[in-house]
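Okay, so subunit A shows up in both of these, paired with subunit B first and subunit C after.
On to the complex of A and B.
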């Protein structure tokens, strides 16, 4: 380092403590074992979120909420140079992010990384997933083409089915009795102001917890003695691999968004009957199908309420797992939690498959 | 037509060639690049003074050459012959034109191909059995022969994009083969050759990373480090040279076809031809990604570099290769042989004759001599298979049912008439061949497509009367 850069470094270091940060990064290590691959999925989710912030801001420049929502998206897609690419990248990264969060969640679950002292990491992660799915739901309506219009209409029936307060919630989200330009305005406010304001601090908290507690090891690794375990330094080894993963994620995103660009349907027309094959996005397919299946066993309002109850109970059990399966030792509770996870994966996959199978 | 129409539902006949060809290119270009990698690595190993390091290098090269021999000798050759089967069936007219022009070229190709296969086997089986200098010479002979196969096939592939004015002047006269060398060293020959050389060296590095990733980084850290880093270095030449070569290549392509590249910037509307633009984006992004991933995963962390890392680099290379080959094919639109034969096999100067006499009359395998159907499909379907089927399917790849969705019969007919007239201001002229044939052919095709897009309502079921 020349004396000039050294003195600039010293000036910044004195005020921000860079040397401490570098020392901290040097000492931080990441466990190396057969399951290390799963450590990258949180980072991939983060990367895809950053892509969405970037592309989202670009879309914000041209998007008009309200009555001319469709027209503005049409212009972005078919008139602006590379508008189609930015919009495709935004939609694809949203879907990929939900996918990678789900992978991240299940890998955390099966590695038992929610156990003490990482309960808050699990809870904040679940909250982030919840917000991400609301991001997805609200963003889906914004183009106001026929598919997004009718899918939103169907989707809003789920909160509206909650006894007593359901209709009020439904009207509040819609801005009236019908899905229309007021709904777009509301969803837009939710999508670009309210949700980011909730998501960003929570994400900061989640990342801070990861720094504080480090990577969790699967129980099989924890059972080994410290001498048998392998680690690698976080900086620069793990970071380099992380960056390589980000590059691959970027590449897959570029591939999907340029080869399969996100299409735009016909403008939503409230007067025509819904087109065939209206279905929710894939990450809502499973709850949608579960409610549908329960409705066929118990028709009417009773079925709807029972469905919502069972669903809420299942999610509550899932969220509260750190308090049920808290012990380090692999006892009966740990095994039960494991089976519960396997059942959850199976139920998600099976109901999603049935959902797609029965679209027509 | 030399063969009956071979219509592949859903996938489309183009993809039959495409899938085989992309698989083949991944391996055959490795066969060329790897052909230089092996003797160069062997020479490097022979110059290492430390006997232990030298033995380590040679041991790794033996295992790499086994992998190389099996991969190229089995999968490379089988898929290469597979391309022959596939193009003969899916594009008999174009294949026939190529054979008539380049039969001598292919004869040379086969000679080098035999030398290549033989020396690859000799090289692998004579490790430590013959004098090491002689062994190295065998490696160089292999490298020369495999380079020759690329040098020859490149002339034929580049010819299809840009046959060149000299050849076009004699095309159709029966004297085409007299301009063999003009057709061979056509306008895109050199940029295309150098581009492929770059791809070959990169693939040599990518595949060598696969075998080097299998080395134990804990037991042989220095050996693995030097092997991995040396393999990564093979990616560098193409990273530096490809952008310039690409510009040169595109500069040699006729401007009308180059214009296809910009079509996808404004729009992604279905029916407009924007795929080339999008594929070109994929090539650029993925090439940059490969370099980044190879740098972070392999060059900076050579001892930790494992098989899944290597596979991810290989997967990315597969994406670039696929996108590159796809774009090259697309850039030729609306021709399969530039300015001479349209992508559905119709020769450009024959258009007026077919318009006067009818399309099916010129198809040997569809109609009998007296205009009587000899096949089990209708006139309209036969025209669809012959004129549309090279690029479109009904409901899979570029699906006509979807592309024509929402049009009634009159509307479909207007569209076909527009393709038939093929006026200069038609947006489709840039990438689609004209629809050729008589008035009746237009009507027959309209009827067939209309029945697909607007199927007649099912007749009410008749209940049995007692």
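On to the complex of A and C.
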């Protein structure tokens, strides 16, 4: 380093503490073992979220909420150069992001990375997944084509089925009795202002916790002595691999969005009957199908309420798992949590499969 | 986990001349590939954002505008219209003369106003004044005159064209 750059470095270092940061990065390590592959999925989710921010702002440049919503999306898709690609990337990346968050969640679950002291990591992660699914639901309406119209109409029946306050919640979300331009306007506000304002600080918290506690190891690794464990430096080794994963994710996204461009249906019209085989996005298929199945066992309002109750209970158990299976001494509880996880995966896959099977 | 025992030491190999050359070639090709990749990402985004500008560029190619029934405007009054994408004005003077000029102030681009009492063109933003017959900048900050158009009045309307 020449004395000039050295003195600039010193000037910045004195104010921002670069040396401490470099020392911190040098000492940070990532465990290496058979399950290390799963460590990348949080990073992939983060990358896809960044893609969502970027492509979302690009769509914001031409999108009009309210009564012109459909026309503006039509213009983005068919008139603006590469507008179809930007929109397609936003939709594909949304789906890939939910997918990678789910992979991340299940890998955390089965590696028991929610245990002490990582309870807040698990809870904030669940909240992030919840917000991500509301992102998905609200974003789905914004083009205001026939599919998004009916999907939203059907989706809002679920909160509306809550006893007593359900109808009020439904009308609050819709902005009236029907899905219309008021609904688009408030879903838009939710999608681009409210949800990012909730998501970003939570994401910061989640990432800070990862820094604070480091990567969790699966129980099989923790059983080994420190001398038997392998690690790699975070900087630059793990970061380089992480970025390589981001590049792979970007390439897959580019391929999917250009080869399978996202379609735009006909303009939403409540007087036109719903298209055949209408169904929710794949990540809502399972809860949708569970409610439907319970409805067929217990018809009527009782079934709806029972369905919501069971569903809420299942999610509550899932969220509270770190307090049940709290540490490596959990023993029988650890096994139970593992089986509960397997049942959850099976139930999700099975109901999703049934859902797709029955709409054909 | 904070149990860190073995940090592999950073190994600095003494590079041989042949290594140096192949390393250089690798870095150059990696840099070129990275640049191509970035360009492939940036190009669609640039074109996407530039779309309205490209749509307007066909409008700026306009060379004449026909203003239907504009011959009916009374003397001492003005008709504002768009010539391509930019505002323009058609003035019917008290003495019966027809003048058309761009209505964009040459100072900082505000739309100018015809004032019939003073028989001048005035810009509300910074007080620029133009001659209402020639478009010449008379006082205030404007550096250049307003451009004149050719005017042809007939019984169905007024035809305004580039000179």
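The rule we apply is simple: the second predicted complex is superposed on the first by the 358 of 360 C-alpha atoms of A that agree within 3 Å, B and C clash if a C-alpha of one lies under 4 Å from a C-alpha of the other, contacts with A are read in each partner's own complex, and residues count from 1 in each chain.
The working rule: a contact is a pair of C-beta atoms (placed from the backbone, for glycine too) under 8 Å apart; a residue touches a chain by one contact, two chains touch by 3 or more.
Remember, predicted model here, so these are calculated numbers, not experimental data.
Student: Clash or fit: how do subunit B and subunit C relate after the overlay on subunit A?
Tutor: By the criteria stated at the top, subunit C and subunit B fit after superposition, with no clash.
Student: Would you please give the vertex angle at the Cα centre of subunit A, with arms pointing to the Cα centres of subunit B and subunit C, as a multiple of 10°?
Tutor: Value: 70 degrees, nearest 10.
Student: Taking the superposition as given, does A:77 touch the first partner, subunit B, the second, subunit C, both, or neither?
Tutor: Touch status of A:77: first partner only.
Student: Considering only touches as defined above, state whether A:61 meets subunit B (first), subunit C (second), both or neither.
Tutor: So A:61 only meets subunit C here.
Student: After superposition on the shared chain, which partner residues are touched by A:226: those of subunit B (first), subunit C (second), both, or neither?
Tutor: After superposition on chain A, A:226 lies in contact with subunit C alone.
Student: Once the structures are superposed on A, label A:85 by its partner contacts, choosing first (subunit B), second (subunit C), both or neither.
Tutor: Both: A:85 reaches subunit B and subunit C.
Student: Go through the superposed model and pick first if A:215 touches only subunit B, second if only subunit C, both, or neither.
Tutor: In the superposition, A:215 contacts subunit C only.
Student: Taking the superposition on A as described, I'd like to know which of subunit B and subunit C A:95 touches: first, second, both or neither.
Tutor: neither
Student: First (subunit B), second (subunit C), both or neither: which does A:180 touch?
Tutor: neither
Student: So after superposition, what is the minimum Cα distance from subunit B to subunit C, given in Å?
Tutor: Scanning every C-alpha pair, the shortest subunit B to subunit C distance is 5 Å.
Student: What is the shared patch of subunit A, the residues that subunit B and subunit C both contact?
Tutor: 79, 81-82, 85
Student: Which of the residues in subunit A end up touching subunit C in this complex?
Tutor: Touch residues, subunit A against subunit C: 26-27, 29, 31, 58, 61, 79-83, 85-86, 214-215, 217, 226-227, 229, 231, 233.
Student: Given the complex with subunit A, which residues does subunit B contribute to the contact?
Tutor: Those in contact with subunit A are residues 265-270, 275, 278-279, 281-282, 285-286, 289, 292-293, 296-297, 300-301, 304, 308-309, 312, 316, 319.
Student: What part of subunit A is in contact with subunit B in the complex they form?
Tutor: 37, 77-79, 81-82, 84-85, 232, 236-237, 240-241, 243-244, 247-248, 250-251, 254-255, 258-259, 261, 263
Student: In their complex, what parts of subunit C are in touch with subunit A?
Tutor: Going through subunit C, the ones touching subunit A are 1-8, 44-45, 47-51, 54.
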